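Can you keep this structure in mind? I'll have questions shortly.
Every chain is named by a letter (A, B, C and D) in the order it is written, and numbering of its residues begins at 1.
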Amino acid sequence: MASHLGDPRVVEFDVRTDEMLINMGPQHPSTHGVLRLALRTDGEIVSEATPHIGYLHRCAEKIGENLSHRQYIPYTDRMDYLAAMNMNLGWALVVEKLLKHEVPERGRHLRVLMAELNRIASHLVAMGTYGLDLGSFTPFLYAFRERERILDLFEEVCGARLTYSYITPGGATGDLTEGWLEKCEAFLDQLAPVIEEYHTLLTSNAVFIRRTAGIGVLSAEMAIDYGTSGPVLRGSGVDYDLRRDGDPWYTGLYRDYKYEVIVQKDGHYPKDRDYPPVPAEAVLGDSWHRFYVRMLEVVQSVELVRQAMERYRAAKGDCGAPLKLTQRLPKGEAYLETEAPRGQMGFFLVADGNAIPWRVRVRSSSFCNLSITHEVCRGCLIADVPAVIGSLDIVMGEIDR
Amino acid sequence: MAELINLQILNRLLGWAGVDLPPSHLAGAVLAALVHGVILLGIVAVAAMFFIWAERKVAGRIQDRLGPTRVGGRFGWLQALADGIKLLSKEDVRPREADALLFRCAPYVSFAASFTAYLALPFSDGWVAQHINSAVFFILAVLGLEVFGVILAGYASGSKWSLFGAMRESAQVVSYEVPLGLCVVVPVFICGTMNLVTIGNMQTGWLTNWLVFHDPFTFAVFWVYFTCAIASVNRAPFDLAEAESELVAGFHTEYSGMRWCYFFMAEYGSMLLVSGLATILFFGGWHGPVPVFDMLGWSSMGGVLQYVAELAGAANFLIKAVVGVTVMIWVRWTLPRLRIDQVMTTCLKYCTPLAAVCFLGALGWQTGMFGLAAGPLWSPNQLMAVKQRGEYRESWVLKAEAAAAAEGSAAQAGRPAASGDRDEPDVSGETEPARSSATGAVGSPLSRKGGVG
Amino acid sequence: MMTLAGMDWHAIYFWLFALLTCGFALAVLFSANVVRMAFYLVLCLGASAGLFFLTGAEFVAAMQLMIYVGGTLVLLVFGVMLTAHSRFVSLRTPSGEWILALIAGSALLALLLSAALKVPDWVKANPDRAAISAADVEATTPIGMGFAGVRVDKLSQTDPQLLGGMSGYLLPFLIVSIHLLVVLIGAAYMARAKRRAAAVDEGAV
Amino acid sequence: MDHQKLFDQLRERFGDDVRALVVETIDPWIEVSAERLEDVCRLLKNDAAWQFNLLNCITAVDYFEPDAKKAAKVDWKPHVQMLYHLSSTTLKHTVVIKVRLPRWKDDVAGQLPEVASVSGIWRTADWHEREVYDLMGVMFVGHPDLRRILCPEDWEGYPLRKDYVMPLEYHGIRNR
């Protein structure tokens, strides 16, 4: 907004409203974690929203230079603490890429199984907290009721409910306990009808549509230009999913799996036959679409987990023993991005011949997803800011590292 | 002033105690006022406590969990009392830059406004604290005062966020009074009176006599009324004032302890009030679906049997009111919150025009297409009507007729002696047509053509 | 003339509300903080609505509550709240103006008192005070019929000559309400923020 | 992804500013001089043949061995290496661009090395460059709003440098 104060030709506003500077956060109930948003508002209209981050900065990259690759796994858990399995997977794959160490067939399917289950849990949290941001409390409890079942499954395998440290370079800390697959089967069968509830409760709810459709519209070019990824990118109609288009070392994990990338092509989504249609007010790239992509990805992940279970049962051998603590890393560097629930999670590893890496760099998806805030929130109402930030589904642990 | 304070209850009490205290005496009046005040406060406080517990239980059920179960007995029904004690023991904190006087007064203004409206709300035939002739208008007027408590609270707590809450709240409540008023007028002009007791009595008889089934427009007006009621009582999805996600807790961010409890009681009080009004205006107030006590003839028997009939009527009224409040709770825990401009557009672009259209429709229906048809068009109310709507009389008219009849028989023709019956308004003067016009006019003024003789 | 024994509750409530109204009116004068002034005004008008209830005119009292306190004063407090930058903006009235105000006030008071004392009904003690505020009074119906064009006041008028002079109230009432509506819409139109001279700047605001 | 073809096209376009192409490593990269970085990036993004529209990540690696014994065995001179990981969402291929910078400008300790900012080409570079500036201490010429992003505004020192010493206290908060 070019300032017109000095320009005499401009007719000054009759009703002079002075701008108000408001701090939303860092301990605001609706910004997910410790994010501080400085809003300059004119009445209810937000003229400028600048996010301030760094409140949860632990400098995980510096720590990476003092720990062996095996010891760094617990740190990756605490970056995106809602999808710790995917973080472990990313770090394990980049170390194996540097070592050119292939994990046995059974271990590969186990990793897909765990990663997709954690994606379901993470998207459930995203759906629940988004309902909270918009004021309806009930979806949050439904989401956590389902998520508890997934956490029970994880707890049975690796003993932890949030920071699993289960997938490690070389394989996994332990194989599945017997009877686990049947429990997982029972959970998946029970999840399908429950997804209907979430759709009636939120996606096709008139009030929800009025609060999200057309809010925080992000065009495809801007989405790519700001480096956004995951549901935020696909919500803007960009057909880019690392499980299919990513680094060959990562796409090799999903090579024999059948799935479609959830993105809107010529007006409708691949899986939306039996789910509510796109409402009229929804513009491609708005908060509603980002939410809808996440809901359909849960269904996609359910199918992937079923395929992974079949292949896991068919595969022989063990699931890959973790590498030794003092396993030396060859001189060289490797970069690998994986499709985490929130987007592209990149790990860059520079090694100089001994077990402790020379440099560790972590590319966070929410970091880029959050950078579009000032672009998207300009001109919307104060009540829309949590709606937009909620649709980006950011986790501060991953942004601040 | 004998009739002004409805003394049925007091006479019964004093009768048992054997004391004869004429209400015009100072002590009599104060005692009567106290009795009414305590009964009403009791009803509102107990209702608020019950709704606190009901909200937790219903919310629990909706969210697939149990709600409170441990406090006091199996169903945790003492939870509300525990909350009350907790709030009492909490310290009443006041922020430093808060405006001391206004900060303290705001909760009491809000609670007083919400409580005074119960003065005119009848719980059963004749069971009303103050038999006000324009009761509906009185309730709407007092309901509008509650917004003051919120504005002062938002302003006096000094923080930017509560100021936002106060501004949104006042804009919303003031603008929702318009459609609310429009919707309330429909049952009023169908019954031809604003006296809630008479409106309730006009719906005696079977289920079909309830005004909500009077005609399709009144049915639609009920739903518009219910939406506006939810908005004017500030419940989700219109609870902008305390939109937790954006404004932390809106206007009562800085309040804690007993002061916060007053706001809470005010909210639940006006929730019960608004759904009680809906019950009387649309759902036949204290009349059950099947007129059991009319068939038995108890309701006009007098004495204990009439008391039992009225008690059943009060139970009917409370059940319907509680159903209305439960629906409000149910709506709160399912729908997300609307934005302030969407709340305003629903009011100005949806509720007000819809209420206006239904108003015109019902008016046309009631006046037989503005005079084209003979009288009011057919409506389910005529199916099993106990008495035609025109034959109901307000209590003061009955008294006037009784007095006139007594004089008619005693005195000869001509101008009746201006005896002690000074209450007689000059309306019911000596000429017969005048009185019938007064009473006729009461029935449905608009429908009588040719005006008064 | 007010013996404690013979005094019934009507007089007590009347004095209570009268004192409240005058007290808060004076409080509006003497308080410095503009927001408190608005709050006292609310209480003052509320108390005067109480006076109307006492005389049994519920409809007028409810009208007072709804229009004055519920409508006008909400806007007044709204305006005051938004414009009072430092919350305790204090309006000190210089002493010179106090004297001027005192003179004007007492002059008006004298005029009103003399007019009031000339009305015969109000001067002699009214023996049967209790009868004035009739219970379950029928104040609303005559007003309702008046609105409907029924000439309530003409009913008991026997003198033909006077009969012709009485006109109805419906027409003036409607004219005033339409006029008020037009004034409100005009005010809203004037106060809205005008769009900038679009031709001047390139970026649309 | 034909790295050799890209390298030849760049070499023919920018001469010896495009220093080297290394293919046999796990992730092949192209080394470019700091001065021509911005032009190379603009070409990579806008050229129809490559369309690198997504800048994945900007990384800075500090090659400096603090203790003398190990420094002797190392085969590189102390320097800071900038890595730009680029990928194309349309043609589905990736490339790594490297730039070698001195640890300090003109080897004067405290003077941050400078490189052109690419935030004009990819908007995501805005935050990435701020983070590199904040943690590694590289000055990006032409960056719209170069401030610290993760550490507090008034933090001294650049944590990710190998020779970084943790301050003993910060605003009265003791670290040891």
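Heads up, the rule we're going with is that a contact is a pair of C-beta atoms (placed from the backbone, for glycine too) under 8 Å apart; a residue touches a chain by one contact, two chains touch by 3 or more.
What you see is a predicted model, and the numbers here were worked out from it, not measured in a lab.
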Distance-maximising chain from chain B - centres being C-alpha averages: D
By number of C-beta contact pairs, the top two chains: B-C
Gap in Å, rounded to a whole number, between the CA centres of chain C and chain A: 62
Chain C-chain D separation of Cα centroids, rounded to whole Å: 75
Between chain A and chain B, centroid-to-centroid distance (C-alpha), Å: 51
Gap in Å, rounded to a whole number, between the CA centres of chain C and chain B: 25
Contacts with 2+ other chains: residues of chain C: none
Per-residue multi-chain contacts in chain D, two or more chains: none
Contact footprint of chain B on chain C as seen in their complex: 7-10, 12, 33, 35-36, 39, 42, 46, 56, 58-59, 62-63, 65-66, 69-71, 73-74, 77-78, 81-82, 87-88, 128, 130-131, 133-142, 144-145, 148-152, 155-156
In the complex with chain A, residue positions of chain D that touch it: 25-27, 53-57, 59, 61-62, 83, 85, 89, 92, 94, 96, 122-124, 126-128, 135, 148-152, 159-160
Chain C-facing residues of chain B, complex: 1-5, 24-26, 29-30, 97, 99, 101-102, 105, 131-134, 137-138, 140-142, 144-145, 147-148, 151-152, 155-156, 158, 163, 166-167, 170, 174, 177, 194, 394-397, 400, 422-423, 425-427, 429, 431, 434, 437-438, 441-442, 445-446, 451-452
Complex interface listing, chain B residues touching chain A: 59, 62-65, 160, 164, 236-237, 239, 243-246, 248, 333-342
In the complex, chain A residues that touch chain D: 53-54, 57, 59, 61-62, 97-98, 100, 222, 224-227, 238, 240, 245, 247, 332-335, 337, 344, 346, 348, 350, 358-359, 361, 363, 367-368, 371, 400-401
